[in-house]
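In the part that follows, the structures are each spelled out as structure tokens.
In what follows, subunit A forms one complex with subunit B and a second complex with subunit C.
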Partner chain A sequence: MRRASDEQKQELPPSSSQQRYESHPPGDRPDQEPQRSHHSYTDQGGEESEDYESEEQLQQRILTAALKFVPAHGWTADAIAEGAKSLGLSVAAAGMFHTDGSELILHFVSQCNSELSNLLEQQQKLVQLGQAEKKKTDQFLRDAVEARLRMLIPYIEKWPQAVSILLLPHNIPASLNLLTSMVDDMWHYAGDQSTDINWYTRRAVLAGIYNTTELVMMQDSSSDFEETWHFLENRIADAMTMGHTAKQVQSTGEALVQGLMGAAVTVKNLAGLNQRR
Partner chain B sequence: SVYHVFESVAKKYDIMNDSMSLGIHRLWKDTLLHQMNPYPGTQLLDVAGGTETNAGDIAFRFINYIRSQWDHQIRQKLKSHQNLSWQEISKSYQQEENELPGGSQVVVCDINKEMLKIGKQKAQHLGYSEGLSWVVGNAEELPFIDNKFDVYTIAFGIRNVTHIDQALQEAYRVLKPGGRFLCLEFSQVNNPLISRLYDLYSFQVIPVLGEIIAGDWKSYQYLVESIRCFPAQEEFKAMIEDTGFLKVEYQNLTSGIVAIHSGFKL
Partner chain C sequence: MTLDNINKPDIDRIIRVDHAGEYGANRIYAGQMAVLGRTTVGPVIQQMWNQEKDHLKKFNELMVTFRVRPTILLPFWNVAGFALGAGTALLGKEGAMACTVAVEESISAHYNNQMRTLMEEDPEKYKELLQIIKKFRDDELEHHDIGLDHDAELAPAYSLLKTAIQIGCKAAIFLSERI
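What follows is the complex of A and B.
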């Protein structure tokens, strides 16, 4: 395994065992090839040093690097191959991942959720230090959902494709999990004190708001997605008034499934869109 | 000429391969390529099966795959109304002339010079020339520098290697970091019913067919016996891991009659 810090190619003089015969065109002789020295820790009885990188960490790095190539290549094995190449690895490393791009998309969603958590954490600290006002629930949720959705903007053209992949049966457990933890996170930081809405309802309501706003965003061609934020504002307002009158949901499953099925139908229609104009 | 000899021998072996595996060996090789899913620009080393008819099977499929991927990519871009740059357009005309898409290349390496000669002629006959080279070499001591290839394949060849661990080490050495090892080989059948039929078939039927069709009982008996000696899926997986490969997995095909083992140099 490579050291995480070992990014440079090191030139080593070829040893005698490396003067190999090759039937390649001139200009490609062995002594002209730069020698890369990649320490393989697996050869040393599994010894680990401080910057030992696990298989999983390397996979994460490749997926992160692949994101740059998504606008051009979509959420595909091609983007992952380009990502690996950009890290100095063989394009064959993309073979570690499924060809439908699932892992790349899930990685992205997970990254965005972490980014959101950090953002909300920082904001909370400011409030605790008295440097900012605590927002009311509706404003808080509006800002949180908007911040999270804005992360999609660089990838918005290919996002319908991603959503349709996330809705495939084998991906639903993972994508649902990411959705619910994101929603729970938002409610946690919202610090809502009201007791007349139970936990499942909160989840369902916010997940529904998030999903529908996301769908609107994918079809929104207004400047800076004004229409989307306007739509979001209305949905939140509805939810605030709904709280006291609606029948409470008893499980996450019910409402989320309804929300997802609606989303699935819309996304099928959207996935054909290549341009927003 | 050598090619005429090849043609008559090849026909016999082709029929033999087809009858033995009921033509399924073609599907197995197709599956190998599908798993490989090579990206344009891939440098492939195919350490060959070593028989006259197998020459180039993997290499030709690789070339076909890369070409069709490239066509698909170009078509996708046109469909989504993206403007191809002049560079890309001229590249797509160029690639027919002097290289494979993305600079992909395949090297076929085998210890048998005659097999390589036949392979070269077969390639010319079928219209494969760019990005393809034929090198004499021993799987246990490859004539290539370190960190050279993106993918290393060995299809129905590793069970004939005397020191399998050496061949695996050489595979590791010549692969680039991130590179992939792929092995297609006969393995142990996991289904008892199929196993019984397979036993009967391999020990009773195959050598007889070998004699009748190819006039060659001994080779086919050797073949059957060498299959039995080769380590089973899990054991072979462990050998690959011991060499240093990571994310080692295998996929059984046709109830385990063959398996594809895969590992990465990370």
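What follows is the complex of A and C.
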């Protein structure tokens, strides 16, 4: 029946909302790995058998399997080849992908983001059911960024290589897309409801915090990355202070404008310029 | 109509541009009130403004529910809207009314287009959104008629003013859908 997909189930938590790093037309939702979703007998195409797997699903399976080999081989075509081999496929299957390992890295990032989404969704459910306390924004963001960065720990040795590949011009659109959706997710679950320019500033700030913390993490040799989490705490605190200061500046500005308007009206009154026509 | 079953790119655009539109309309009326607030036409403008505030509130809610990104041009619409409202109001109350007529006509046509799009796609799924847009379109048409009733057509260079404003509205709609 399904080829090796059952063993896949144990490695890959079925994510109902796996982010895609390619842009897909809205009507075409890519099928998720562990599910069988082609209803072959009603298909117009007709010839597909019941355990037909699309090329995309196959690629996903190979990339997921390849992750095991990344600590040894790096983010390379070698890791992908080993991954294919471990699924009982020919190593030539690695030829489906670019040689610089881009897809493998993007796949990994996308997977981590989905995992984070699921985690935050579950936490939200617990809060809604009253089984957990609602966290304050700074604590929430700290925990979310930490949870997400911890997913890098098994691959941290080779992560600098991945970051540099993601910065290659042809990967920038995809990696930027993944970063922005991750940051949007974090703020959404943190309870952000802004509908003005703050929507942008908050996400930009959080993206900055995430990226700098990631860089610190790659250089961190303390036990369990304590220094990284400490750095993260400070950056979040800075961001909160910045937010408060911005609010204060705004209210001071408003008070000032009120004062000036009052002064102007007074002057007009004194000069007799305020008579109703 | 839930976050999971909608055509996200289309709904994103619709909510983003409508939110921007109501935000702009708010600022236009604010500009008009700043100039004409204490004249006889003040209460009329204030009432129309209040309705726009309600519209904006609704789109704020929809924006959060459907996780739509607001247009990055909002600060620009903030200033441009206020300038348009105040500028036309400085031409006199007829000028302000002409601006209202022009803008409300554009917005109504725009809402009609959106309703057509949604109905073509799936009237059942988008029933709630359709009802909201329909109600708002009716409100905007009412504003349009109020504008005409208050001597909009007597404004200086009425056709020119109206055409210019409507071109501006078309551009604003085009940009806010995308950026």
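Keep this in mind: the second predicted complex is superposed on the first by the 187 of 277 C-alpha atoms of A that agree within 3 Å, B and C clash if a C-alpha of one lies under 4 Å from a C-alpha of the other, contacts with A are read in each partner's own complex, and residues count from 1 in each chain.
One rule holds in what follows: contacts are C-beta pairs under 8 Å (C-beta built on N, C-alpha and C of every residue); 3 or more make two chains touch, one makes a residue touch a chain.
Here the structure is a predicted model, which means the values were calculated and not measured.
Novice: Output check: A:Q128 vs subunit B and subunit C. Expected answer is one of first, second, both, neither. What do you get?
Specialist: So A:Q128 meets neither subunit B nor subunit C here.
Novice: Pick one for A:Q193: touches subunit B only (first), subunit C only (second), both, or neither.
Specialist: Second partner only, subunit C.
Novice: Check whether A:S114 is in contact with subunit B, with subunit C, with both or with neither, and answer first, second, both or neither.
Specialist: Neither partner.
Novice: Please indicate which partner A:D78 is in contact with in the superposed arrangement: first for subunit B, second for subunit C, both, or neither.
Specialist: first
Novice: Applying the document's definition of touch, where does A:D184 land relative to subunit B and subunit C: first, second, both, or neither?
Specialist: So A:D184 only meets subunit C here.
Novice: On the superposed three-chain arrangement, identify whether subunit B or subunit C touches more subunit A residues.
Specialist: In the superposed model, B touches more residues of subunit A.
Novice: In the complex formed with subunit B, which residues of subunit A make contact?
Specialist: Touch residues, subunit A against subunit B: 1-2, 14, 18, 20-24, 30, 33, 35-36, 38, 40, 42-43, 55, 58, 77-78, 81, 84-85, 88-96, 99, 274-275.
Novice: Which subunit A residues qualify as touching subunit C in the complex?
Specialist: Its residues touching subunit C are 26-27, 184, 188, 193, 195-197, 199-200.
Novice: Would you pull the subunit C residues touching subunit A in the complex into a rising list?
Specialist: Residue list for subunit C touching subunit A: 7-10, 19, 59-60, 63-64, 67, 69-70, 72, 74-75.
Novice: Which stretch or stretches of subunit B touch subunit A in the complex?
Specialist: Against subunit A, subunit B makes touches at 35-39, 41-42, 73, 79-81, 133-135, 143-148, 150-151, 175-180, 244, 246-247, 262, 264, 266.
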